[in-house]
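Labels run A, B, C and D following the written order; every chain starts at residue 1.
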Amino acid sequence: MRKVVAIILASAFFAVLLVSFSNIQQADYGEKEYYYQNPINGSYANESVPSHYISNTKNETGAVNAVTAIVVEYRGFDTLGEVTVLFTAATGVSFLLYKTRGGKKRTEANLILKEGSKLVLPFILLTGAYIFIHGHLTPGGGFPGGAVIASGFLLMMLSYPKFFMKERAVSVTESMAGITFAFIGLLGLVFASSFLQNFLPLGDAGYILSAGIIPIIYIAIGFKVGSELSSIADKLKEVQK
Amino acid sequence: MMWPEYITVAALISIGLYGVMAKKNLMKIFIALSLMETGVNLLLITIGYIPGGTAPIENGNFAKYVDPLPQALVLTAIVIGLSVTALALTLLIWYHSKTGTLEYRRGMRW
Amino acid sequence: MIELTIISWIMAFLVIGAAIYAIETKDLISAAIAAGVASLVVSIMFLVLQAPDVAITEASIGAGLTMAIFVYAIGRTGRWEE
Amino acid sequence: MVTPVLMIAIPLLAAFLMPLIKKAHRYFTFSILLLNAILSVLLFAKVYNDGAIYETIAGFSPPVGIYLAVDNLSALLALIINLFATINFVTSKKDFKFSMLYLLGVTGATGIVLTGDIFNMFVFFEITAVASYALVASKKDEKAVEGSIKYMILGSVGSSFMLIGIAIIYSQLKSLNLYDIAARISSMDPKMMWLSFSFLLTGIGVEAELFPLNGWVPDAYEGASSNIASFLSFGPSKASIYAIARLLIIFSMSRTYELALYVGIATLLIGEVAAFMQKNEKRMLAYSSIGQMGLILIAFSLIKDTSYAIPAAFFIIVSHASAKSSLFLISGKKGFGGITSKYVGLAGVLSLIGMPPMAGFWGKWYLLMGIADEKMWAVAAVIIFSAVIEAIYFARYLHKNLGEGESEDLGYSIPAAVMVSVSIVMGILPLIYNMAGGVLNA
């Protein structure tokens, strides 16, 4: 009974969604109906929001990758919030699974996996670091870079059942990275005029040392995401007594 | 019109909703929720796509770019989805260790 | 262009099939892996839709880590749905 | 130099700092919350004198970047949330992770009311929601975890729906800024507008405890420890009802107001009737919260028709935040043992049912005035009917608890007394103001 009702509701929902999606046109965003209005003085701009990003990213932020520029600069506040959500979740996980570390025996992994993962780990970590350092030049950035680092530690957890993240080190890393992010934002308030505003020289677009605060913030995010994701995986892996 | 993508989006969201409504196993419900989140992310990216556009990374030869803003939003949404899932799994592990089951018996009690 | 459309349709059916399997199977580990597969195929769709940043993130976080923590959690609770 | 962004940035910095200074976390968190409350007072003073503040973030002009938009009502809500959070935090006795989660939850709720960007609002919703899931489960018993899981399931569906709504709006207008959306919403296809409105209402409605989506409310409130139940009733729910009010103003269409009015009436009736039938005290208080949220939504849905709507909503929010939070705080023990608890219980109940010297009275008074202006007698009848039900079950509640009880825990009842005093002060101030005004006019 419950299933039938659910199927009917879900199909109705499917139909509604499809009908509504057929109204969306994949339009060019340069068209007139998308021209935005400035909330503070009420004036109309003669471009739309996406076309502003596309034509001005390089001059305004110095980043080549427009997505990175939006994530770190234009909508950096969202990213601060997002990092905070992850931080909240990591805190919640360790708060709720606090005293469950225990010693049920797990089967040992075989030798090849063990030695191989030891060999591969530095390369995985390097790849992760590469991804988040080059975030403003190539696809990628702090989040995938951090995830790659976490997957390196995940591999270690798989091959060594007794491998645990050092809790103190992880928590210090994540707080230092978070503090860096928020502090750079406050420095923007001090040296420039608003929170998270860029206060460093933009440099030549296309080089590593360019785009002002973007690389610094992305490195902080990379460390933070990497340590939080590995600590989450570590906590969930633990065996209860 | 991008029918394959939109049909996938609608299907993922309604399959997820069906799972939440019909299934009793809590783990299954959270798997359904993660499918739903994937669907929403695909929706955002599809909205930002412009036929014939290229990725919004400048590479010398100027072309038409797709809309970068939804991509930035999806990056945020993916990480948020993972955070919620992690917390949910923690609670499920806790619940299982106390009650020995993940089946949801009592239902909505008004 | 037409090849791309065919590939998109194939991927769409793959995703929908994986999602239905993930919901209907009784084995939770298979369900988690099927959800991971769906998310991986979606990340290829992101790549086709010219979103490489999102594709990388979805493949590593959405497919990889989410599936890993699901498998860990299922390992600590129970594998079969009643 | 008060900038609203400090109210978000400083607590976040403090929360990131917390794992490094585990020892003094309680004093540290308390002082940060107090600082935030002081900042919000200064902010309100500034907004009240100079008009609304728009603060750009990252130095880009708004629809391109994000901005914070603070008007009178949002400054007042930020003040309410931070003030009660400060008072309520005194009762926390757990370790530093609890303090972190609490601080983050309060910051998220503050962010919801201050931000002027719809996706940013979604992010802050998620911060509050994730923190609240963990806080509800923090009591670590079966009921708490079950309530938290229910909350989480509905909350995740809600956040997905909210994101769908945002995606639909973006597809039509290519903008995420609330003001920009409001200015250009009329150019949107009405079908899509309805669709996005209903998705957003559903998404936010989960947090705001609206009618078909509030299955989690009684379980979460019953399971959570009493200070967290108190936090839920002044933090996330108030911030999200304010978000719904903003939504209504954006989609300024008479039909959307009508829909909100019907949802509000349904929520009010269901909540009050369920509270009337309920035996368990905490669940009864939770259902009564649902009813009050319905009342607030009714007030907001009249925003366009009458100028009484905003004061009505404001006074009900104050009354509910202070009275319900303090009742939850003292509900840990059986009965009201000591004199402080008795005072809190009596004052809280009087404010909730809307007796004259309290803030709740002014809320219902202004609401009824507004409804009388519009001559919507059916709505007035519903409100009076629900008030009668409310009075009956609260009389039963008082009768049961005012007799002998366990000796009270002053650590809980004194903060509760401080909270409920806010309701009295806010109730007396308009009285004095009116009387003074009357004297001056004469």
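In this text, a residue touches a chain if its C-beta (ideal position, glycine included) is under 8 Å from a C-beta of that chain, and two chains touch if they have at least 3 such contacts.
Treat the numbers as computed from the prediction; the structure is a model and nothing was measured.
Distance between chain centres (mean CA atoms), subunit B to subunit C: 10 Å.
With centres defined as mean CA coordinates, subunit C is found 19 Å away from subunit A.
In whole angstrom, the spacing between the mean C-alpha positions of subunit A and subunit D is 30. Subunit A and subunit B have centres, each the mean of its CA atoms, that are 16 Å apart. Listed for subunit A are residues 24, 29, 49-50, 53, 65, 67, 75, 78, 81-82, 85, 88-89, 92, 96, 139, 141, 143, 229, 232, 236, 240, each touching two or more other chains. Residues of subunit B found to touch two or more other chains are 2, 7, 11, 13, 15-18, 30, 43, 47-49, 55-57, 67, 69, 71, 73, 75-76, 78-80, 82-84, 86-87, 89, 91-94. Multi-chain contact residues, meaning those touching two or more other chains, occur in subunit C at positions 51-54, 57, 61, 65, 69, 72-73, 76. If the chains shown are joined wherever they touch, the resulting network has some other arrangement, not a path, ring, star or complete graph.
Every pair of chains in contact is given here: A-B, A-C, A-D, B-C, B-D. For subunit C in complex with subunit B, the touching residues are 5, 8-9, 11-12, 15-16, 19-20, 22-23, 28, 31-32, 35, 38-39, 42, 45-46, 49-54, 57-58, 61-62, 65-66, 69-70, 72-74, 76-78, 81-82.
Within the complex, the subunit A residues that touch subunit B are 2-3, 5-7, 9-11, 13-14, 17-18, 21-22, 24, 26-29, 49-50, 53-54, 57-58, 64-67, 69-71, 75, 78-79, 81-82, 85-86, 88-90, 92-93, 96-97, 138-139, 141, 143, 205, 225, 229, 232, 235-236, 240. In the complex of the two chains, the subunit B residues touching subunit A come out as 1-2, 6-7, 9-11, 13-15, 17-18, 21-22, 43, 47-51, 55-58, 65, 67-69, 71-73, 75-76, 78-80, 82-84, 86-87, 89-91, 93-94, 97.
Taken in their complex, subunit B has these residues touching subunit D: 13, 16-17, 20, 26, 29-30, 33, 36-37, 40, 43-44, 47, 67, 69-70, 73, 76-77, 80, 83-84, 87-88, 91-92, 94-95, 98-99, 108-110. Those residues of subunit C lying in contact with subunit A across their complex are 51-57, 60-61, 64-65, 68-69, 72-73, 76.
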